[in-house]
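As structure tokens, here come the structures.
In the two complexes that follow, chain A is the common piece, with chain B as its partner first and chain C second.
Now for the complex of A and B:
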């Protein structure tokens, strides 16, 4: 049997949960890329590369960082903001970094405004509307992240990164685990390091939309 | 107090959709005397609803949300039906339950919250349609009352299954013909308020939502009594204008017509002895508090 890999879609209407296809989660100090366990350092480089390559690299902060539940959450929010600023600094003309919140998990269909928010139950509306071709989830509770990442893989060609505060996400194409302020900023450092060395995909007009 | 608990991270404040910013800035969380008069002047706890235009359920929702004494520490339990279309737009914690299971879920939830937060008051409020409360969920409704579970049950009585196109419900009037019940109801409207009383509810009210001040009083009483004494039941007439062939602006008149003294939604209230005593104590404390505030204002 060929080994399943977590790749950009569109896979099909109901892609399988990657875990059910034999993909397992990284141990501390590790990450996964496309379902293959790698040292964390390698994942920083690849995530930075994907961000710099994308036409619309986007960060989706979820409730765990949008709301200042405690001091740590507010600090992570500050790091997310910093990461976004770095991204803006490092992209080339024609690339359009975005920072779009996921404040809520309740299905708001059909009232979502895809320009200002993303909802985990129909994330593709935001991805299609803004032509997002690389995104990162941070501060999204695991069960909602898994659901949403699977929907994105099913219906778009968007590359998904999970900066997960727990054990990581099989359903993302690249996943960190044990996210912290330091890890978020380290990704920023890698983006700075690779600035100017990655060719953006600006020519492909059709980026994320599958229909 | 409560606004302290809903702060947006300052570094991401500007990207939050304005609804959430408004909620933190100008919702009435933590306001002791909140009520229907806050509607329109402060952030309401409901966004645009997805009910039919003019549906009285939307008025009922607004009044109820404005009247909850403790919205930041309240969890509402809903069930399938037109009401469930609104919950995604409501800024109070809520759980959607399997159709009919709402009072069972609320029982477990209330108990779990008491264990998890022993030092904090947590209110549980069930809000479901008549089909969910009286037909498919009757077992769960009654058992919760028998067990004296301390939460409020609100039934939006539109006298049929509206969300599925108009089937007969136990609370439908005798003889009524609905779109999907062409023969006409053969038996009387189930007398759930009386059953509630006999089943151990301490506060039971049957009325319409034509008067916001009345809804405010009833909801407040029902939540506070449930918190301290035992189960309470509120049956509100929220006519399905679509099914009874009324226009969007005719819901209010329909309610007014149905609450006349001889009609089926004439105001009816039952208060148990312990609840009466509790309400009297509450009124006395309220009077004292207001007098003290007035005195303080006079001195200032």
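Now for the complex of A and C:
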């Protein structure tokens, strides 16, 4: 049993992949929090709590839900939009929910516009610029999501959630697997359920640059 | 998954039924057949719902590649051709896999070495290509004979690497290998190795699954990277700023990318354990003397153990089935009682012994040998002799024939 835990950073100049530190992916019906396998129900509550605690809770939808390449994707996109609307309804004054897409995986040079997009090759720039302290990836191809999650853990203090349609992500601090419209909306229900019961953090995300 | 499940129970153009892979491999009746290893590769591929097979002739895999050509002629393979060279073959395999195909190839010895640049590229691009490696000598002067040295070069490519002992392993692991390497959180190429000639050209009884059942087709939409996206890494390779720039972000992206490949190998662990029933097999590991081996060295070790038992020496056996993922914990546990660990190998460097020494405590217990190479056989008697010598028992010379 590993002692390693997947926690908000900034962790290291080059943080390890959590899988290489003995963190396992959840089985169907499970999720993980900080690398510890938990029943999925517990993860909904914790993800909702993290969103409501954050100064800038942000959803990062990726290409798999941004483009209507099949009926399921279109329905998931609508569910993501609904989740964002719920988040806006439920936060307190001073909190600033955001919805920032990861439209593709092309490295953007000379510089990404961090106000309008996030990129897997330098996701920390978007996190830093917008002072995002909790984010959720959804609809991002697994390899690119892991790339991003590791870089974010390395250089920022942002709490990361993955709503993955496949087997989940060890490199997120909290990960669901087998994401569906129902699961996205269920997270929305939990945010509504916890509305007003969670005290927002007073400070925004730390960065390795500011440390 | 829904897309895959929807195929189960339907038939392909050859009348084979797409069958749940677990049921096909574990519950379907088996038919004993007397085949060479090369014929077994063909029979496995008949059941693999393979889209594309590409190869270049090199001994000892040429026969398997030619037999798969017959499968293509019969309509079991989507496309099949001979590349211009091994390097071309592996690049063409990449192209087919980028396009969303289930891809299979076979190679050996210098061919493997010639194509080597492609293997880390496959892994980095998350292409679940299956490559059969029928190991042979690679050095000059030319040898086409069995020698497992080429496996050592594959161990750090980012590929999954399995080492089959028998033709039965080969049949089962070709089919099971697709199931492991195509898992979305794994999605890596598999080098399925065997000892050339000893396995490929030897006939054995192999229990085959029914020929009218086949694996479900590969679903490229479960891939962790987009299929054939010409604008994004990994397809867009050289013109891309993140390759060509020299700055911290570029380096960090590359580092994170490489870590992700090795993380994927770790993730393959639970699937590999499930499908091939553990990364190692063990027998009598409470003994003070244990042989740890892979490939046909396991068979020779097993025979040496039988000879030693006749002389009152009890000896355990560890068969290493998977080299990547590496069964570190399993080997530590299996060798915890051993005072002497022998690692017989068909190569000159003893790469398996080095891996084991780096894994276990008190590595002075490891006797790296006996080694043979260049096509030599490994009579069980030389393993016996090595063990008896280390234990201080009298051992007759095996080299002085004719005197």
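Methods note: the second predicted complex is superposed on the first by the 198 of 211 C-alpha atoms of A that agree within 3 Å, B and C clash if a C-alpha of one lies under 4 Å from a C-alpha of the other, contacts with A are read in each partner's own complex, and residues count from 1 in each chain.
In this section, a contact is a pair of C-beta atoms (placed from the backbone, for glycine too) under 8 Å apart; a residue touches a chain by one contact, two chains touch by 3 or more.
Owing to the predicted nature of the structure, the values given are computational and were not obtained by experimental measurement.
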| item | value |
| --- | --- |
| Touching partner for A:117 - first (chain B), second (chain C), both, neither | first |
| Touched partner set for A:24, first chain B, second chain C, both or neither | second |
| Touched partner set for A:36, first chain B, second chain C, both or neither | neither |
| Partner chain in contact with A:142 - chain B first, chain C second, else both or neither | second |
| Touched partner set for A:7, first chain B, second chain C, both or neither | neither |
| Partner chain in contact with A:16 - chain B first, chain C second, else both or neither | second |
| Touch count on chain A, higher of chain B and chain C | C |
| Touching partner for A:106 - first (chain B), second (chain C), both, neither | both |
| Chain B versus chain C as contact partner of A:151, first or second or both or neither | second |
| Where chain A meets both chain C and chain B, residue numbers | 104, 106-107 |
| Of all residues in chain A, those that touch chain B in their complex | 61, 65-68, 73-74, 76-78, 80-81, 99-101, 103-104, 106-108, 111, 113, 116-117 |
| Chain A-touching residues of chain B, taken from the complex the two chains share | 6-12, 15-17, 20, 47-48, 50, 87-89 |
| Chain C-facing residues of chain A, complex | 14, 16-20, 24-25, 63, 104-107, 109, 120-122, 141-144, 146-147, 150-151, 154, 166-168, 170-171 |
| Contact footprint of chain A on chain C as seen in their complex | 126, 183-185, 187, 222-226, 229, 231-233, 236, 240-242, 245, 249-250, 252-253, 255-257, 259-260, 262-264, 266-267, 270 |
